[in-house]
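Note that the chains take the letters A, B, C and D in the order they are written out, and that residue 1 is the start of every chain.
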Amino acid sequence: MSRLSVCVVGASGYTGGELLRLLATHPYVEVTMATSREYAGKPIHYVHFNLRGMYRNLKFSELNIDLLLKKCDTVFLSLPHGVSLNYVPKLYEAGLTIVDLSADFRLKNPEAYRVWYGYEHPYQDLIKKAVYGLPELHRDELKSAKLIAAPGCNATAAILSLIPLIKNKLIHTDRIVIDVKVGSSEAGSKPSISDHHPEREGCIRPYDAEGHRHAAEVEQELSIIARHEIRVSMVPHAVGSIRGALASSHTWLINSLDDTELLRYYVNTYKGEPFIRIVYKLPPGYPDPKYVIGSNFADIGFAVERRLNRITSFAAIDNLMKGAAGQAIQAFNIAKGFDESTGLIIVPPKPV
Amino acid sequence: MSRLSVCVVGASGYTGGELLRLLATHPYVEVTMATSREYAGKPIHYVHFNLRGMYRNLKFSELNIDLLLKKCDTVFLSLPHGVSLNYVPKLYEAGLTIVDLSADFRLKNPEAYRVWYGYEHPYQDLIKKAVYGLPELHRDELKSAKLIAAPGCNATAAILSLIPLIKNKLIHTDRIVIDVKVGSSEAGSKPSISDHHPEREGCIRPYDAEGHRHAAEVEQELSIIARHEIRVSMVPHAVGSIRGALASSHTWLINSLDDTELLRYYVNTYKGEPFIRIVYKLPPGYPDPKYVIGSNFADIGFAVERRLNRITSFAAIDNLMKGAAGQAIQAFNIAKGFDESTGLIIVPPKPV
Amino acid sequence: MSRLSVCVVGASGYTGGELLRLLATHPYVEVTMATSREYAGKPIHYVHFNLRGMYRNLKFSELNIDLLLKKCDTVFLSLPHGVSLNYVPKLYEAGLTIVDLSADFRLKNPEAYRVWYGYEHPYQDLIKKAVYGLPELHRDELKSAKLIAAPGCNATAAILSLIPLIKNKLIHTDRIVIDVKVGSSEAGSKPSISDHHPEREGCIRPYDAEGHRHAAEVEQELSIIARHEIRVSMVPHAVGSIRGALASSHTWLINSLDDTELLRYYVNTYKGEPFIRIVYKLPPGYPDPKYVIGSNFADIGFAVERRLNRITSFAAIDNLMKGAAGQAIQAFNIAKGFDESTGLIIVPPKPV
Amino acid sequence: MSRLSVCVVGASGYTGGELLRLLATHPYVEVTMATSREYAGKPIHYVHFNLRGMYRNLKFSELNIDLLLKKCDTVFLSLPHGVSLNYVPKLYEAGLTIVDLSADFRLKNPEAYRVWYGYEHPYQDLIKKAVYGLPELHRDELKSAKLIAAPGCNATAAILSLIPLIKNKLIHTDRIVIDVKVGSSEAGSKPSISDHHPEREGCIRPYDAEGHRHAAEVEQELSIIARHEIRVSMVPHAVGSIRGALASSHTWLINSLDDTELLRYYVNTYKGEPFIRIVYKLPPGYPDPKYVIGSNFADIGFAVERRLNRITSFAAIDNLMKGAAGQAIQAFNIAKGFDESTGLIIVPPKPV
């Protein structure tokens, strides 16, 4: 089987680097372009020290759309929000498979872009064609997708933690609080004061506490499942980890269910999912992103405080993997008809 | 003025070490005993490497109650839960001032010990005499206190975050979720698998998610303020910091208040408090325990998500300081009539 | 091709866990036994949370030698020093391939065991049959090896950093100082005060500074290359990383060589080595174990201080991979005639 | 006693922040100016979150030399190398006491500036008047100093580790290797790729391995002690700590001395020094900067490898304290005739 020719646009950032890491051993793919304005002309390992020796015949290049269209079958866009959408129409028209890792095509309601991202979305027709790239919810649509909007990292954790509870109508949906904790790689590879090592290491720092953008996707997806509008509060916190996102979704049960019943709902909800692992009781007790690092797994679990009939549902992911590059490739595999796990059979190391 | 003779019982742990650190420069105090079963006979810096040179004439000793009664005016008990109560009656009877850093005298309702700590409390008369050592709530009672029950670290953060909202009746009190994040020193100095460096560093790990003991004290204190019974959900998470606890208390406002009004409530609630600092808008945006490390400060702040009328109220402390040793000495200062800040004028370093 | 049946003895530690991680995707191997005294009867992910879902049909078991001999073709011994040697004779006699990750068969000179490890080695004949499992030096001997002594982690880094200089007679060999920095996983999975998170995180702590055991293997191997006796000073330092070992080998050049000449020596020395990567000038400048984490790579580089004609030669490895489990499997692959990289094609993630 | 009016120039960086932290509680000082080009007009805690509440009547201001000359008695210059020297002549002429924390006046040999810093020093007369601010070597000269050149952090650790050996002529001085490990705060508060949290945390990364600038000061000071020219190799390594610098100075003993004799040399060398603590044998075995963090202590120790007669001498400091701001204030205290420890009685916390 000849390999698909793939381009990674925005390849010098952390998500771009993870895409390159994963695609380096993907058996059906050859990366033929990796663009970076800043590092054009430099070898891949000039930025991604870990990839030394992996891409001997590839250098970063400027983004040349014409060349891209000529050479590539699939393009992964790892660009800032509001930038991707400038390239998507032309790529779409040319028939390429597009996996966009920005937020530009995640939301179905055009109004939401204005509220959460501050711009009027210019391509409302393309919004409709985009598939939200969460395989656990949209696997069938992904099978023929040409434009995949890869979910946000915190959104992925939040949604995965709540699907079993929403789908099975187990909780009151009026006061959902999703308290998220995330590692520093989520902020990207661009240096900043707030992620400067001396400031970031050891921090426990709330941010976006007046409303986190990812709430928009979470509400969209959970509302589809619930078949009524759901609103969620989402409060992220920066902690000193490098990788990892944990969503702790605090809600109240409608009925009193014992753990066994609840566990069954979780297990059934995710039956057959290649990257979902249910964590129950055995150590370390609850999901911890530390134990999925480097892999595409999402570890899911829950705890009920009986006296209050409150449940916290947890989802732990590697923000750059199931929260970005890994999930993007999972969706790409589905779209291309490959086995969903192709190139993603990575066992997380421990301790790390 | 001659110095008070002070004993630290359980002096080899982290809280004991912090007490020794603070008392080393307290101008009205001399530490004349520091007990440790494990390290009796060893110099203080055999365990507390940081204190090298500070206690040249003191060694760890076995706990000898008779000697303690003879030599000491005040005793700080830094012992495991359920152990302190064995010593308190005799010390109390002998007229010593006792600051107990365990949970043994924090709760007023004897039933609560059974529910949360699993034992029948044998000294119900002493429970009544104990003062819960949170100066912000019990300063007057502390002035004549002989038995001070120093609050738990997570409880301190939780209570301080909620006082302004409860006292001023600003929130619905039926669904309070306190999501707490804590550093590893909170688990104490005894090695364990879960706090072994390779396992703990970089973790984001929920624990006690079915009900955290500190909820008992939080409910007790908030109920007093509210004048009706309040129940709270408290879900702690271990993160990779060494020191620090952040309480993120998620609640819903009764009325829609703008930030200025809310800020005024916070400022007024804590007016004149020597160790409370209100954090509002300026960087880093919200309280972060990173910036109180080593000090007795509690940094307090809040964020409102307007579209949901939800408020998150934050309190950031150093769990070993305002969450343990620092607050214990603050309460002790009040009980002894010293200026409340004596020995506690420590400016936190940054970055650290 | 039917899979080899493999046993991991001492499978609950960090090295055991890494062996299980790697063997889980090794195409020619099936792990049929994983022994652990402490966790016998528990599922693998009871200890190795990362391996959840990987070993559905395997549990930890007691070490039963008879069963092992019956079921297994190859055994990896991940046991404390001085324990392995109790099992090796019987396993050897029964014809199994043995990869011993302890120090018990690394040294050729029986006297050295007494000096460095404090015991008289009881099996001097087996010492002679053991092959020191560093493929870069002993690939040919490994091809028929039945007893492989996997090198120590710090020793691996030290030796790899010095081979180009010793082999090409570029340095004075009388005053070699190897200053090593290592992460906490090197100390193993057993909790201890010195590796308790609050004590270990952020430390920069020398240990074994009066003489590090790994000097014995380093001297043995370097002396073979040099064809005269070489002695080295090796001073390890614990730092706050979880994984990683960096050897900084400080020596003096005999002649003044420019960088290009030196680089050529390094490149030629390691030509064709699948897991050696030469780092020269490009960022991050020198080898850093951070960028090989989770992989079997050793990154090698050097710096010359011209005014003193001093060279520092660096080798960076993941102590659990090229420093333990990864190298053990590399040696095993060679012994079994598999492609040397089988099961080891792991691209390190970044950042991590 | 009226307080001295002090100005901190370059007050928004980490060293500036530490100066402000220390001066906030210095009983003989009032900080009346704190300059920062970037943050002029902002409150101090806009940058130094830790100092919230400490400087209610001070804001960052532009550097206005005339105002400074009018208002201030003493100025601390916390500016980049090559910038300080633009201000020093005017300040010196006006009779202010100047403590310069840059390298601009550390070296006595004008040639050395060209070699190590790349510029011709324009004020050779002032070089002669400057006193190298290491109290352990220049206490007497500091007593009347008007221009103090505060030593570099790595240089401080290196020199302190070697004084006992050089002064007492115990070692061969021809092959001194100083392997240094440092935390991220040493790189300053300006964000950079190499100190971006995801890149820095967990790193073990050599830098300046072809020659570290601080070698110039170390050689200067050690040569004075030795009364002959000494050259040293200095190889720093970035590790994942925030604070702390450890110098591991590897040298060879001339005679075989037992530990007791060596210990006596160390103790005698530093007898009466308020900030030097000798660490010998007791846990943690050797100096570790972790246990001096936030304080002005330097912990000094050594280890001898008997079979090679090699000694490693260690010095552990907090790079921002004894390595910068703390030592600057120690020197200032001496220059002003205050007790040397004024404002510096800070007991390091543990764990931190």
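Operating definition for what follows: a residue touches a chain if its C-beta (ideal position, glycine included) is under 8 Å from a C-beta of that chain, and two chains touch if they have at least 3 such contacts.
Remember, predicted model here, so these are calculated numbers, not experimental data.
S.K.: Which chains are in contact with both chain C and chain D?
M.R.: The common neighbours are A, B.
S.K.: With contacts counted as defined, which of the two, A-C or B-C, has more C-beta pairs across the interface?
M.R.: Of the two interfaces, A-C and B-C, more C-beta pairs touch across A-C.
S.K.: From chain B, which chain is the farthest off, judged by mean CA positions?
M.R.: C
S.K.: Measuring centre to centre with CA averages, how many angstrom lie between chain A and chain B?
M.R.: One centre to the other, that is 39 Å.
S.K.: Just the number, please: Cα centre separation of chain A and chain C in whole Å.
M.R.: For chain A versus chain C, the centre distance works out to 36 Å.
S.K.: Take the average of all CA coordinates in chain B, do the same for chain C, and state the distance between these two points in whole angstrom.
M.R.: 45
S.K.: What positions in chain C touch 2 or more of the other chains?
M.R.: In chain C, 14, 183, 185, 198-199, 202, 240, 242-243, 283-284, 288, 293, 351-352 touch at least two other chains.
S.K.: Which of the residues in chain D come into contact with chain C in the complex?
M.R.: 175, 177, 179, 181, 183, 194, 198-199, 202-207, 209-211, 231, 233, 235, 237, 239-246, 248, 250, 252, 283-290, 293, 303-308, 310, 312, 314, 316, 351-352
S.K.: Okay, in this complex, where on chain B does chain C touch?
M.R.: It is residues 14, 183-185, 189-193, 195-202, 240, 242 of chain B that touch chain C.
S.K.: Considering only the defined contacts, which chain C positions touch chain A in the complex?
M.R.: Spelled out, the residues of chain C in touch with chain A are 14, 17-18, 21, 24-25, 43, 45-54, 185, 242-243, 277, 279, 282-284, 288, 291-295, 297, 299, 320, 345-352.
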